[in-house]
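As written, the chain order gives the labels A, B, C and D, with residue 1 at the start of each chain.
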Amino acid sequence: MADLSTTIHKLKLKNPVLTASGTFGYGVEFDDFLDVSMLGGIVVKGTTIHPRQGNQYPRMAETASGMLNSVGLQNKGAKYFASDIYPVLTKYNTNILVNVSGSTIEEYISCAEIINELDHISGIELNISCPNVKEGGMAFGTSCASIDAVVSAVRSVYNKTMIVKLSPNVTDIGELAKAAVSGGADGLSLINTLLGMAINAETRKPVLATVTGGLSGPAIKPVALRMVWEVAKAVNVPIIGIGGIMNATDAIEFFLAGASAIQVGTANYIDPLITLKIIDGIDSYLNRHNYSSISNIVGELQM
Amino acid sequence: MRKTVRNLKVISNLRLNDNHHLIQLQSSEPLETIFPGQFANLLVENSAIVLLRRPFSIYSVDYKENTVSFFIKIIGEGTRVLANSPVGNFISTMFPLGNSFTIPNEREKILVVGGGSGVASLMILSQALCDNSNEVSILIGARSSTDIVSLDQFSRYGEVFTTTEDGSSGLKGYVTDHPLLGAQIGRFSRIYTCGPEPMMKAVAQRANLNSIVCEVSLENTMACGFGVCLCCITDTTQGHKCVCTDGPVFNINDLKWQI
Amino acid sequence: MADLSTTIHKLKLKNPVLTASGTFGYGVEFDDFLDVSMLGGIVVKGTTIHPRQGNQYPRMAETASGMLNSVGLQNKGAKYFASDIYPVLTKYNTNILVNVSGSTIEEYISCAEIINELDHISGIELNISCPNVKEGGMAFGTSCASIDAVVSAVRSVYNKTMIVKLSPNVTDIGELAKAAVSGGADGLSLINTLLGMAINAETRKPVLATVTGGLSGPAIKPVALRMVWEVAKAVNVPIIGIGGIMNATDAIEFFLAGASAIQVGTANYIDPLITLKIIDGIDSYLNRHNYSSISNIVGELQM
Amino acid sequence: MRKTVRNLKVISNLRLNDNHHLIQLQSSEPLETIFPGQFANLLVENSAIVLLRRPFSIYSVDYKENTVSFFIKIIGEGTRVLANSPVGNFISTMFPLGNSFTIPNEREKILVVGGGSGVASLMILSQALCDNSNEVSILIGARSSTDIVSLDQFSRYGEVFTTTEDGSSGLKGYVTDHPLLGAQIGRFSRIYTCGPEPMMKAVAQRANLNSIVCEVSLENTMACGFGVCLCCITDTTQGHKCVCTDGPVFNINDLKWQI
């Protein structure tokens, strides 16, 4: 048994496998399938200060080795989260991070302030990369100035670990990563979904009610790996790799590219037990290659 | 009603007609109780196209043999692969998912209306209603007689009526042209329906007009099937609800249908 | 038989199906398989003023529903093209476009000047989006100022139809499209490949000698469709849609999104006859839906 | 030698050992002439993973029956699916691709050295050499005797020698430990080899030292197989050349190997 523990700033993770926001609900939906406490951590749904109904439906389109979604941050708001959902989550013996989003900097701040009060929440993941909301969301994540503004604003009110989740829909991810770090990010997670679109040729209509949506799944893994690698060269904070991870081999690739931990997204829908299989697979890989710990491979791509 | 993901073995595959198959899967362990209207999410392997699972209503259950059956209409790649699953193969099955139709405790007169692959959830429903000593009438609508399958099974649980658009079986026309949804509708205390949305809306309208309790089973595009992706929502009087967990069965009073 | 002809500026295409640069060689490689003259046009390999050896190998990695390549514009230079390859191509009775690339604006100009002299070449496709060369290439395609500079420079020496091929590795494709049009583009083609990366977990090495490469194939179709749709809203010149087109349905989706023609890339490797099948499939679609011509569906997405 | 893409029918599938299969495909139309060293690009259908075709050397041809055979070693998903192709299935096959080994007109003494799945191209080569009345010696290297298959077929065309790393068949050691590539190498005018690159490089070194003509068959990652993608290049004295069209067979003098 290799040492799978890893550290993201002040977060101690028992293993490097987390779940991606929006793909694991609040964890409780998986209680039937697995013991959530066995995971390195979970990132719960995108949370905003005000309740959001999200977008109209259809909200999903399957594409080659991927899917588009246009959920649009449907959630009951930070106060409901704190009062009704949070108490249930305290049963888990693992890191719980809240994915925080907003339409204005003030909304980000108010939301982070509420989460800051919750003892069992180990950190927040600042979502400045959601492609599915009209205002805010991704708009914050595509320019250095706005990243710096929103990140430093939240930093001033949030005391625990703050991860910033980057958008892949940009020209130079390295520059944006630097802006997030200079704004005060303790770590970076990437990638969020690629902006895409699906059309039904027979009806001649867009498949999604919102026309465009976010692409996730194996299709985006090559882009995600490349961006993790670029960001790892650009900054010195821990990175959480996300994008199309379906098995342990995919996860290993992200570690080699420079990620200290990974998040599993779309794969949870297909196999709700996939995270446990990935943890096992990482352990086997390390043993087979005679590595004593996950840190032996983080960023160890042989050039 | 714990949800599980299991590899179930295909123990029979019955080709009902050109594009409908009935596949029966067996579990090596005992099954959880399954309620009428619930569905399963099946994994499609060996396909270059399909990534996500595909949802199918549970057509029938046998707790003695630990089998579940699915009635599959071929419409794309996923259903094509699943409908053609060879006997002996294993299919990864996530179930039971979703809520269920209300099964009254007292003896009621209930009309069950189905169309297309929507009939899939109505077999186990009719059985449950009949087992709970309700009086069941079953009305099946189709384009043509060749699209109507497994009628004889339905007749075990109630009287069966049909309408076809071409008149090749039963009454010519739509289900809503049938006297059961017309002059005779008053004799039912409940109408349950599953089928194409326009059909369900027409049925719902009749029920509504006559103040009859009406439950419909919705479809939607689903990524997960167990309430995490929030892709499968429908508009309700209480806001957006997930078809996969809050549904697939909804009382029409809770929906925002224009009926 | 519907009218499949379409127009891209001064180019009259007998049908809207072209082949993407780098995926159809010079056409002659397909002579065994099909009559190249049946196509709407072909875009030949990326051509530079100086001969280029391209990158080291391995140059290819397969990914989920896609492939990465890092060819790096291997070609024998514009003069060799004009003297040795061009004469052979004159046998084709279809539009031949040359995909022109360079490391400096001067190189683009010199290359375009040579192509300008070749009567049977109907136009050029300016490649400002190649992710596989160190200097130039994609760098030109990621800022409005540099796009405008290179496009207007080439415009001043090239008289026939000039298509500009856009890179998808950008934050706002609509803005860049506008810059290309204001620089003098007669039409736009998109998308080139997405920048990606593959890692071999067993050897712990990048799969490609160049580490990163360009992602093509069905995986990128949702991104390509979205960008075509965005560009169609932003500019008023004809658009050629590219990205993951494997069959007629895919092509129709691009027409609906706003493309007047399409290019088939990676699919040519898998089925060298695919372009003819796509032409047939488009015709069937139009007939089945009672459209008399392809123009009935260009940009006709029902919102 | 016109290249075509045809759907060939699997008429036999022989499992040689755990991870080697010999599949025989039949064309409904006459075959083009196929030269030794040429390959085909096979489409892998019904796979969630494989997009591109997979290249395989042509192992044998029968112009009377219009069949071609492929010797497939399972190493990943594509080879797994193809090696397990059921008899009766069709495989889309693009062929013949690439150049070929030189077949001398005069009677020469030729050593053919193979290892791993590299032996696949050497059967048809040995046959052609033998048919052109050359004297052929065949040397096969493997890890263990169980990895050596179809030796009896080789013996039709020449004398067969083996080396195994564990000594379970023939001489213990690598092919380059064999006297044919040592003391006796002088009797050959040509050495042709196909196998793992380190093996081919070692063989090339011996040939080079002894000024014997040496041709090697290279592998590379291929997207197209017919010279359009430029993904499969190798370094030669004339610059980058495509393994799929300028090769797969190269004279070692044209390669930039450090030998």
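For the reader, a short list of remarks on this structure follows.
The criterion applied here is as follows: a residue touches a chain if its C-beta (ideal position, glycine included) is under 8 Å from a C-beta of that chain, and two chains touch if they have at least 3 such contacts.
Note that the structure is predicted; figures quoted are calculated from it, not measured.
The minimal number of chain-to-chain contact steps leading from chain A to chain D is 2. For this pair, chain B with chain C, the centres built from the Cα atoms lie 47 Å apart. In whole angstrom, the spacing between the mean C-alpha positions of chain A and chain B is 36. Look at where the CA atoms of chain A average out and do the same for chain C: the two points lie 34 Å apart. For chain A, residues touching at least two other chains, in rising order: 61, 64-66, 217-218. The set of chain D residues that touch two or more partner chains comprises 48, 50-51.
Shown here, the protein chains touch around one cycle, each chain meeting exactly two partners. Here, these are the chain pairs in contact: A-B, A-C, B-D, C-D. Note for the complex: chain B touches chain D at residues 45-48, 50-51. Only residues 2-5, 43, 49-53, 92, 94, 220-234, 239-240 of chain B touch chain A when the two sit together in their complex.
Contact residues of chain C toward chain A in the complex are 61, 63-66, 68, 142-143, 169-172, 194-199, 201, 203-206, 211-212, 215, 217-223, 225-226, 229, 244, 249, 252-253, 256-257, 285, 297, 300-303.
The residues of chain C lying in touch with chain D in their complex are 22-25, 29-30, 32-33, 45, 53-54, 57-62, 64-67, 69, 71, 74, 217-218, 266, 268-273.
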